[in-house]
Amino acid sequence: MSAVQVTGVSKIFNQGTPKQVDALIDVNLTVEPGEFVSLIGPSGCGKSTLLRLIANLLEPTTGSVTVNSKSASQSRLDQDYGMAFQQAGLFDWRTVAKNIELPLELKGWDKDKRAARAQEMLELVKLPEFAELYPWQLSGGMQQRIAIARALAAHPPLLLMDEPFGALDEMTREYMQGELLRICAETSTTVVFVTHSIPEAVYLSNRVVVMSPRPGRITDLISVNLGAKRNEDTRAAADFFTGITAVREALRGTHADHANAGAVRGVEDR
Amino acid sequence: MSAVQVTGVSKIFNQGTPKQVDALIDVNLTVEPGEFVSLIGPSGCGKSTLLRLIANLLEPTTGSVTVNSKSASQSRLDQDYGMAFQQAGLFDWRTVAKNIELPLELKGWDKDKRAARAQEMLELVKLPEFAELYPWQLSGGMQQRIAIARALAAHPPLLLMDEPFGALDEMTREYMQGELLRICAETSTTVVFVTHSIPEAVYLSNRVVVMSPRPGRITDLISVNLGAKRNEDTRAAADFFTGITAVREALRGTHADHANAGAVRGVEDR
Amino acid sequence: GGSSSSTDTTAAAAATTDECVTPTPVKLQLQWFTQAQFAGYYAALENGYYTDMCLDVTILEGAVDITPQTVLANGEADFAISWVSKALASREGGANIVDIAQVFQRSGTLQVSFKDAGIATSADFKGKKIGNWGYGNEFEIFAALTKAGLDPAADVTLVQQQFDMSGLLAGDIDAAEAMTYNEYAQVLETMNPATGALYTADDLNVVSYEDEGVGMLQDAIWADGSRLADAEYNATAVKFVAASLMGWAFCRDDAQACTDIVVGKGSKLGATHQLWQMNEVNKLIWPAAAGVGMIDEAAWTRTVDLSQNAKNLEGGTVLTEAPDAEAYTNEFVTAAHALLTEKGIDINGASFAPIDVTLTEGGN
Amino acid sequence: MWSLSRIRRILPPLVFGVSFLLLWEGVVKGFDLKPYFLAAPSKIFEQFFKNFARIWEASSVSGTNALIGLIAGTVFGVVMSFALSRYRFLGELVTPLAIALNAIPSFVLVAVLNNMYSITSEIPRRIMVSLVVYFIVLVNVAKGLTQVQSTHVELMKSYAASDFAILRKVRVPNAVPYLFTALKIAAPVSVITSFVSEYFGGSQNGLGSRITSNIANSKNAAAWAYVLGACLLGLTFYAVSIVLESAASRGGAASKTNNNK
Amino acid sequence: MNRFARRAAYRTSMFVLSIVLVVALWEMYKVVGPQDGGKLFGAGVLPRSNDTAMPHVWTMLSRYGRPEVRGSDKRVWVVVLEGAWFSFRLSIVGFLLGSSIGVGLSILMSRFRIVERGLLPYLVVSQTVPLIALAPLVALWGGKLSIFGIEWPRWFSAAVLGAFLSFFPITVGTLRGLASAPAAAVELMESYAASWKQILLKLRFPSAIPYMIPAFKLGASGSVVGVVVAEISTGLKGGIGRLIIEYAREATADPAKVFTAVFGAAALGLTMAGVIAISDVYLMRNRPKETTS
């Protein structure tokens, strides 16, 4: 049984209008349980769209998506996955603990159980003493950790992340990558991870999915194997650099016309 | 004669108040003409402060700054340097060409001369046909190139850049790095460059200045030499990875307590 | 006039002698705030004349945007006090209301100016800035202008006055619209900076619209025409008119007592001002040759004529056609007079003599 | 060409408006409401066309007052906002006064002003309009002058630009969209204020006095015909402010404000 | 809390200072201004400085201490205070009514775009309909209508007109606030399979609050104006609006008196704004402080 199964999926926005966008064409992808898969590719290649299709926030135009052998919509209703975005997206008006409790509240958990779980998650992300603070009192990296805690609060088997570390500085980012790996290992969570950063994709993933735009499609699947016990030294290892070079090569093809590509923005809708 | 000379500089904000911040302590730095120097370090270590001191946007608490053997304030009045920031900071209400002309306008250049120079700069950044568009009609990478053109318009011998590519995606970023190197080589400009990205610092620089916070100071100066003709292959070269590893090692020390460092924001001013 | 006789009225009059079990609730809508202009009704209330007639009367004050005849037609009041021309305009607009007692027999509207403006008659209005109250209180001005052959839109500048007479006093307007019983007194209550004493009648020119022959009927009691077929309402109307007229008779005989009643009801105007007002209002009612409240056919016809012919600023007239015969009736007044005469009340006031009121600064 | 999206944008308000009028008409007819109580829309339109010349005349009187007040208020507002952006504490001084003035119905203030000037003068009404416009413009433009990107200011300083140059090249252009936002709010408000100012007295030539006198005379349909004129005048002012905005910012600024909204 | 106290003290002193400045300007003009107004560039732009048009500030203030009418022992300040209190209660009712309508409409409009498209233009137009045209209509409803057997009291007409002026800014502000929830946050809630109502309550409303507060401030002063106008036009007794018109009738002889009531209305507006400001502090206490660049 695979964690995520994307079969022959296309997504066309505004079909039949002059604004039609072929965001994804004939995408097939299987993610095994416990696997860490990154999606990488130039802007507009449909990474976020693919993630949203898996999350059932969008319906595919053709093809089908299953999560844990259930339909995507069923697994959304069952909260089979947690989600995190580039902006931590914490609610300013809720304390850190209450932010983590949000998905549990919506599941109808009772108060004590929620509080206990929130505390447990805070310990997982190593911020146990910050429960009663408000998000804006924390640094960006800490906010992102809270967002991960929230995504994992309901113990979903699957984590969907859209450039979660994009807003962090490189040092914090590398630290957070380590933390994410540790947490996912502890909870044996499957992860689908969108990123723009080649080192990040290589460091984190079992497999890197390389995508290309116009129309959005998968052009390469690159297996990386840096071993289960990745640490700071891994970043200096030859395997790491090999992986980076491989992904860069795969991306180069998708990027030929980059100089002024997609240059003039908004021209279509003026 | 050095391009930038920072001698025994300290910068203390809000001195003598409870909010006192020792942003920089006893910083010494010399940048040679034509050199490309990157400042790297964790958030809050004073990179931007140091850059602003060089630009004479701030006055040092102690010590002195000279640019091209003149006092920093004199060289600001003479527009001896150009500046660029993380946000391109173009003026929405001016066309691309008029944006580039802005520093020349303030220098009192006449119209024809300004227009000629703007066109020249647009050719330098390879966007000659975009003169009459407005900034918001361009993609992020193109906006950043216009910002560089603006910074270079007055042909300043020195370019000061504060995370200019921070807002770009990795692929565009790598492309822009190449462009910047090409332009600086063509104009033999000295550059002081603030970044959070280790590969960026290594790829671009002759020297990487590693800084550490509380109080802000320089902890390491790492020479990199990837040769004058850097290109895409350089990023797969062993020297590149060696440089990355060296900078990472140097940074590791500055980062020991990163987990919850600088964690609780805004606590002081509540 | 619409005096289609009915037997109901006499029956109603008889009914008043019956024992009062539950008083009939009655709401009366005034045109403006409590002041001596409405003293008769307050006196009837205070002296128990309404209660004696087995009526439980509530008096509703008016305001800027309260149109009493509309309130009446909507069934929120049982009777309303309104000027005839304004009420007839509403009647033309579909409000079924009937004038059942013409309390004020004469018009009390003046156009007041300082002597030096040289406005002795309405013909002198030409080229002048003429103040008026707006809100439908300006028809007599249009009538006077029309009579003098002047075009209100071209030959004079019409200016809406604020709530006081400062427009005239400051010299912004040449002549101000004033009621004998109110605004005229306000001028006489003001210090003349030139003399250090109050202004006197000698300082002023007064054009009286009644004297100019364009006086229009003013305060009248209006009833709901759609309910007049109802015997009970009919009876109530007779009793209400009778008690009200009794109130007015009381005020005629004791202006000071009536003033006190009005002041006691919370009027914010000063006491001497109220006394002046009471006295002037009495002059508009008494003496009443045909009996108080009787609608004089000639005056009615004149009012209707003027309403149909005097052109306003917009070139329109108050009425586009003559009102039907049902617009007024004297049968209630007649029945009321019978009741009052029975009680020995003088309904003519032939011997009425106004008192002398000395105004003080600010009317206090 | 009527594109689908254009139709989709225009249709709902059209359907809503027409059905509202039909319902109104239906209620008046169905319940046989008399004209003194509530006029039917058909009667109002009839009056509107019948009296069009007079409505036009009254509108031009009130409209002139509104326009003069709008211009004066805008000019004062802009000037004051320059002072305000320079001296922060001025803002703290002006705000409570603005709140207090806002709580007094405008015609009450006009009554006071009428005594200070002359009841026959149009000046009190124009002052009233300018006062209302002034605060709207002040608040918005001051915001536009102060809320500039810090990057822009630093950049200018790096060019050794004077405060005046920063004002001219950064703050003022940045405030332009804010000025138009203010104008869009102020334009219809100026019309309302202008004719409401006629409520308690003064020359009887504008929309406000026509509305009140017709209501007092139980000529409801005519009164609402003038109200209709007033609405149209307000909408015209609003439309003109939009046209001005797009004309003035054909380049960059317009799209930026749209994005920010 | 200390910070709030200091801020409040600062605001208050600025307010006092601004009043002092206005008073000083007023009195200074009385000294230098022409008694009967003056012309500048051919237009009569200089106001009259005489005591009828511009009474001395101390005359107005001392008027508060004198009886309302001779013979009465009720001082003007008592009457004005009572009137303000009466109107305040009406304004609160109008404000609450207006906010419920405003919030209700904005929920409806944010739920159904078609309602927004259809309704919003007319809401804008509705605000160009002068209150003076509506007041008589609404006044007529008093006594005419009864809802669920409860009579529509006269004072309620005034509150309704207050609501008419307050609902519009509240509708627009709330609508914008509800739409301000970041798309990512909405997506997050959808990923939790949250219902529309849950998204509204747990996300849209909390994120609308910074937009709603300024809107409610406008709505509050709108309701004061609406109530005062309604009192003037329907003659409702007891409120500050009625006082204004009653005192205005005496302006010829007692020009200072009407100012006492006008200031009462202004104070009323400030009080309403103050009430909202307090709730602002309370509701925003756990939010990040605004950072203005």
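Quick notes on this structure:
Labels for the chains are A, B, C, D and E, by order of writing; each one numbers its residues from 1.
Here, contacts are C-beta pairs under 8 Å (C-beta built on N, C-alpha and C of every residue); 3 or more make two chains touch, one makes a residue touch a chain.
All values derive from a computational prediction rather than experimental measurement.
Think of each touching pair as a link: the shortest run of links from chain D to chain E has 1 of them. Chains touching both chain A and chain D: B, E.
Across the structure, the highest number of inter-chain C-beta contacts is found for D-E.
The geometric centre of chain B is 48 Å away from that of chain D, both derived from CA atoms. Averaging Cα coordinates per chain places chain C and chain E 37 Å apart.
Separating the centre of chain A from that of chain C, both taken as means of CA atoms, is a distance of 83 Å. Annotation for chain C: residues 65, 67, 70, 74, 162-163, 166, 170 touch two or more other chains. Each of the following residues of chain B touches two or more other chains: 136, 266.
Multi-chain contact residues of chain E, defined as those touching 2 or more other chains: 48, 52-53, 132, 136, 140, 232, 248, 251, 255, 288.
Chain contact summary for the complex, chain D toward chain E: residues 9, 12-13, 15-17, 20, 37-38, 89, 92-94, 96-97, 99-105, 107-109, 111-113, 115-118, 121, 123, 146-150, 188, 191-192, 195-196, 199-200, 208, 211-212, 215, 223-224, 227, 230-231, 234-235. Chain contact summary for the complex, chain E toward chain C: residues 36, 48, 52-53, 68-71, 132, 135-136, 139-140, 142-144, 232-237, 242, 245-255.
By the touch criterion given at the top, residues 34-37, 51, 54, 111, 114-115, 118-121, 198, 200-204, 209-210, 212-213, 215-220 of chain D touch chain C in their complex. The touching residues of chain E, when paired with chain A in their complex, are 182, 184-185, 187-194, 198, 202-203, 206-207, 209, 286-288.
Of all the residues in chain C, the ones that touch chain E in their complex are 33, 61-67, 70-71, 74-76, 162-166, 169-170, 186-187, 189-190, 268-271, 361-364.
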